[in-house]
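Below: one structure in structure tokens.
Letters are used for the chains, namely A, B, C and D, taken in the order the chains are written, and counting of residues starts over at 1 for each.
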Amino acid sequence: MDRTSYIEMQIAIFNAVRKKSVEICAPLEPEDYVLQPMVDVSPPKWHLAHSTWFFENFILKNHLNNYKEFHPVYGFLFNSYYESIGKRTFRQERGHLSRPTVNEVLAYRNYVDENMRQLISEKGDNPEVISLLELGLQHEQQHQELLYTDIKFSLSLNPLDIKIADISEYVSSDNSKSWIEMPEGIYDIGFEGKGFCFDNELGRHSVFLNSYKISTGLITNNEWLQFINSRGYSNSLLWHSEGWSWLNENHIESPMFWEKNSAGNWVYYTLDGRKEVNLSAPVSHISYFEAAAFAEWAGKRLPTEAEWESASEKFNWGQRWEWTNSAYLPYPGYKKAEGAIGEYNGKFMINQMVLRGASVATPENHSRKTYRNFFSASARWQFSGLRLAG
Amino acid sequence: MDRTSYIEMQIAIFNAVRKKSVEICAPLEPEDYVLQPMVDVSPPKWHLAHSTWFFENFILKNHLNNYKEFHPVYGFLFNSYYESIGKRTFRQERGHLSRPTVNEVLAYRNYVDENMRQLISEKGDNPEVISLLELGLQHEQQHQELLYTDIKFSLSLNPLDIKIADISEYVSSDNSKSWIEMPEGIYDIGFEGKGFCFDNELGRHSVFLNSYKISTGLITNNEWLQFINSRGYSNSLLWHSEGWSWLNENHIESPMFWEKNSAGNWVYYTLDGRKEVNLSAPVSHISYFEAAAFAEWAGKRLPTEAEWESASEKFNWGQRWEWTNSAYLPYPGYKKAEGAIGEYNGKFMINQMVLRGASVATPENHSRKTYRNFFSASARWQFSGLRLAG
Amino acid sequence: MDRTSYIEMQIAIFNAVRKKSVEICAPLEPEDYVLQPMVDVSPPKWHLAHSTWFFENFILKNHLNNYKEFHPVYGFLFNSYYESIGKRTFRQERGHLSRPTVNEVLAYRNYVDENMRQLISEKGDNPEVISLLELGLQHEQQHQELLYTDIKFSLSLNPLDIKIADISEYVSSDNSKSWIEMPEGIYDIGFEGKGFCFDNELGRHSVFLNSYKISTGLITNNEWLQFINSRGYSNSLLWHSEGWSWLNENHIESPMFWEKNSAGNWVYYTLDGRKEVNLSAPVSHISYFEAAAFAEWAGKRLPTEAEWESASEKFNWGQRWEWTNSAYLPYPGYKKAEGAIGEYNGKFMINQMVLRGASVATPENHSRKTYRNFFSASARWQFSGLRLAG
Amino acid sequence: MDRTSYIEMQIAIFNAVRKKSVEICAPLEPEDYVLQPMVDVSPPKWHLAHSTWFFENFILKNHLNNYKEFHPVYGFLFNSYYESIGKRTFRQERGHLSRPTVNEVLAYRNYVDENMRQLISEKGDNPEVISLLELGLQHEQQHQELLYTDIKFSLSLNPLDIKIADISEYVSSDNSKSWIEMPEGIYDIGFEGKGFCFDNELGRHSVFLNSYKISTGLITNNEWLQFINSRGYSNSLLWHSEGWSWLNENHIESPMFWEKNSAGNWVYYTLDGRKEVNLSAPVSHISYFEAAAFAEWAGKRLPTEAEWESASEKFNWGQRWEWTNSAYLPYPGYKKAEGAIGEYNGKFMINQMVLRGASVATPENHSRKTYRNFFSASARWQFSGLRLAG
């Protein structure tokens, strides 16, 4: 490909990814953009601005000559966990900021996008710029998924039945399941080859696995209902000690978003409004604690991430993030990047469990078999489910 | 006045009061209407809807034939402290509701207003309707003041310097002060005569007062600065035990909204943006704890509400709510109204201190010398100041 | 009385009061002396040491020549709320201190007592010493009552049925009740005459009271059971808003210490072990919130402290502290003493309600009709009951 | 060995282990036995009773004919995390129970010991009894270490300088350190052979390790001081995100128990009283967060537990528990025992990090190279240190 075509392609990709974020938010009212009903959730307005700030701060300021910052305070307002860059906004107070307004945030996006296109035109073949551009777009895609999950959580609290989007989250998959038998041996794990990956996937390395079996399919709502009806949420022997405390303190009796309607049927909130639970759809919005208790109840276990990855070409995945029994820890030889960009992943490698796969909210082509998603054991506002191993 | 003129007058008053609430919010962006950064504060959208719900629930439903509720869920969403009417929205979660939108709330207001005008036309000379109408409008005015103070608090947290309105909150008063000497004797306290009052002002009764003196003027920012500079915030002997704990836990070192700018000067946030502290303006946004500590430091004391009321025609008041040293308790013979409307005042008569007067945010003619405002001893987001007695 | 007899009498009184504190604790095991299961409660060991420290710090150090402090760290450990004297022990951490041991505290008591007797012999006719001595003994008596109530609370949490003392707390009183009619007029309130009183009783002053009636008797457990059975704890209209929140957060459904046994009968923990509730005994261990809700349910009200005091010679009192509807505020002309001793009362005059009378745990002759006891509206571990007014 | 000798040996071992727990507590005063100043800590009295209850509940009740429970309430009071056995005492309320007294607990111990000896005499060659006996003694030994660490924490809060025992916790080790080079390859991990191990060590299995190096020695206080003096506690880039929040919320600036004395020197509390920090002793009482930050600062990393175990015969260990970078997760094929005894380990396998080695407080012969200790990442009241890898 010649330089011009390459640059044009880069700009086209950039435009497409950036546009998607705004499109996700299009059905929202301005009032919706401010909501932060729990600390894990960020307001949609913040996501749109923060992903923009990433380009401004890590790329434009360092690589575009004479770049003029859009607003002197935004760097403070839209920084996230990068605590080494100045004083941060406290995460739990993002929902206290009504300004800049949605329109001002969109103007910020346009300004940064214009400058990014200028930079790509000028330096779109500079390897460092290309690398940061790709990281910025992957980062934007991560926030696109969070836009869906955060909006879903925020609007679910409203007794008015708000419908935003139909992303097929409640659609059935093929429910037939069988066991894949995997032999004992040495497997190679981690990213290899061309294309983008995050630093936490690097350090392709060997692991020794005992023989194991892993299911071809996800656990469904129907199977989950059997767990509920067998009093799985009331049997402490199935649960981790910390999970049992969590369950009791939070009065957990079903996956997040489930409730019984006046007719006694289970309904759940979806981005397309409240619906009766589809029994043949994969279960979603469960915590690691719940996934592990279910596996215990079923007399099986969760796969490790190495088991999952080693078998991943033998089953379909992508409808739900799948809890594994692996803690999120560095691969052998893991190295953080220098400086602030190095805070991207390594600093979260404690008290998080790995999820593998992808969900209906994950942008197309964003995930891959080596992708390591991670959340705390109690998180359940993501589209999270499980696959059994044994 | 004939019936027609009387009805027209009632409608005109109704229209004027209702219009004022919307006007106060006019400079806001839709995103601003959702904010609830602390539990004492309600979102502007909620105030507009709740004051409307009051008319719908207590008047239209009972008195307008064939009145059709605007929306079946609003009664649940916009109820406030009236816990005897159904299941309430938890107060701290008002800021989690982006819907109904501002426009939907305005439509609700228009619908209820139209029906109220219809009702007034039909029954505007019915004493019970008139009485409830007056209560509804006074209630609306109370929320107009809260709109100002809640908006001020919410926007003050934003590092962007947001300007909404100039209500002269930082303007100097006449600072000359002298002492009024009041003789020992029996004074009559509480509301008397025609016109509206709240039930907590009723039960006009005699009190015996020792001789006392009370100042003609409010304490100014300049005097407060002397208190700060004399280390008044660091001397535990000046403070109530609970006030001292409150001060230390919340790192209180000045009135709310004060901060030192980079040049070392005191500035404060006002509805007209951040400004240097006007030394000759009355001090504002102080808690009862601070007012009492200042009085102790000055070798004086706060007046009781009976002292304030007995002397109130001898001094000017109205620029700031004034903390008294009286707890908010029932007057002799106090009776709550029957049913839900009876919850208006009586249920708050514990752990609250009385403030007398009015503030720059109080609607004209809303207050009077017998008016009993009340807040908890730590509240400081109101326009609250003090006058000394001895 | 000659000086020698007077001194001997002072020493005899001193000995008697000091001995009583140790006698109250005599049935305790060493392990019991450390308990502090909630912040309002202090360990028995702390009470014994703190009341001793009061004599050492306020009297011996200032008045006994060459007095040598018993231990350099005790001043820090056994100071209470006197925050102006050095750095205090955090109140909630008193139960974390196992040392000094009980025996060491008793040695501290003996040492201070010996020195106090020496001081009284030398200066027992010095008015300042006499005045401080009297204050110290009254202070000790206040802690004697707290010893009973704190021990009761601490041991009540133990499933083993611990019996410490029989102080007749569950004994019936005469239950016949009638109304005393009191005429409108000016009454004089506050302490007058010789003998000891606390500074908060001073400033005898006139109050104007409307005519009122007040009951000759206390509300009994039987009457309280009717309140429970009429679902008084479930009817929000009876409760203050803050009381209703308190009740729901703490799952309050009966007076403190009450529980239903396996046979469905109400039993309560007493210092003499668990017993069936005596229906004809006065109700005890209720909060102000509960007392006020009961009065509302009964169609009556609580008396003000002025009403109580004005009628107090017309009824019997002393079996229970009685909640009034008066906030704990200074009397006209109230002045705090200079320095640390001035912190005794004034600093608590916010968010507390006054109780009048005395209880079965109050040392004989400690209370009087002008005595102003006070606790927060939610406190219920004291022997607190109520008498109605109307 | 003949049966008689074998039984005698079993009884001798039983007596020795049981005696040690009481000996550890011998220097305590009765008041010390009640302390529980934080939820992780249990009162010494509770440890003595709980380890006794383990024998009574899991062995005597099931295996000794006609065994009569010592006290019907003790099963409730001294159960710990075994939530499947009846209603448990809330862990944070253990310090609220002064009864049974120390003497009563010792009587409970004697009674159970007598019965255990009887049981061993009768069935000391029954494999199930032997297996449970061994588990009970290992469990007792775990609580012996906790007795030391819990007592240390509790007494450290007292400003009086309490000395209980000299267990050489502050003694220097050999400080010379070198690197052991370990080649890439397959290593076998987990317990093998005769003798006791916990179920979490079972499932000996192969792991593939990249080549690595591991230090022969522990990090010393001197090295830690360099970390402090290089502002390691202030550099967010060295810390996990959760560690950085923990550090700021808890104002962590040094290992637990360290403070600067008036001369500006670092001192620390030991079971033998406060002492100047011994610079050549291994650092102790650090959290995983601190260990990981130190490793980052040093340009190295913590070993994984597989790396530690594989190299463990090439270095000395036993002076401090050593944080690894491994989360506490099940080994391949891990199976919980049936019933309540199965709750011993598996239920804690979330959000805990593994420590390897042993400490000065670990009973002799209690640990081994496959032993998996575990604590949460913020725990620091254990004798925890670190060894670097790279």
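The criterion applied here is as follows: a contact is a pair of C-beta atoms (placed from the backbone, for glycine too) under 8 Å apart; a residue touches a chain by one contact, two chains touch by 3 or more.
None of the values given here were measured: they were computed from a predicted structure.
Enquirer: Using the contact definition given at the top, which chains are in touch with both chain C and chain D?
Expert: Chains that touch both chain C and chain D, as defined above, do not exist here.
Enquirer: Common contacts of chain A and chain B?
Expert: Intersection of chain A and chain B contact lists gives nothing.
Enquirer: So which chain is farthest from chain C, going by the mean of the CA atoms in each chain?
Expert: A
Enquirer: Taking each chain's centre as the mean of its CA atoms, how far is chain A from chain D in angstrom?
Expert: 37
Enquirer: Could you please state the distance in Å, as a whole number, between where the Cα atoms of chain B are centred and where those of chain D are centred?
Expert: 58
Enquirer: For chain B, what residues touch not just one other chain but two or more?
Expert: none
Enquirer: Across the complex, what residues on chain C touch chain D?
Expert: Interface residues on the chain C side: 29-35, 37, 45, 73, 76-77, 93, 95-102, 154-155, 157-160, 162.
Enquirer: Under the touch definition given earlier, write down the residues of chain C that touch chain B in their complex.
Expert: 81, 83-84, 186, 205-210, 212, 236-237, 239-244, 288-289, 292, 301, 325-327, 329-330, 332-333, 342-343, 347-351, 353, 377
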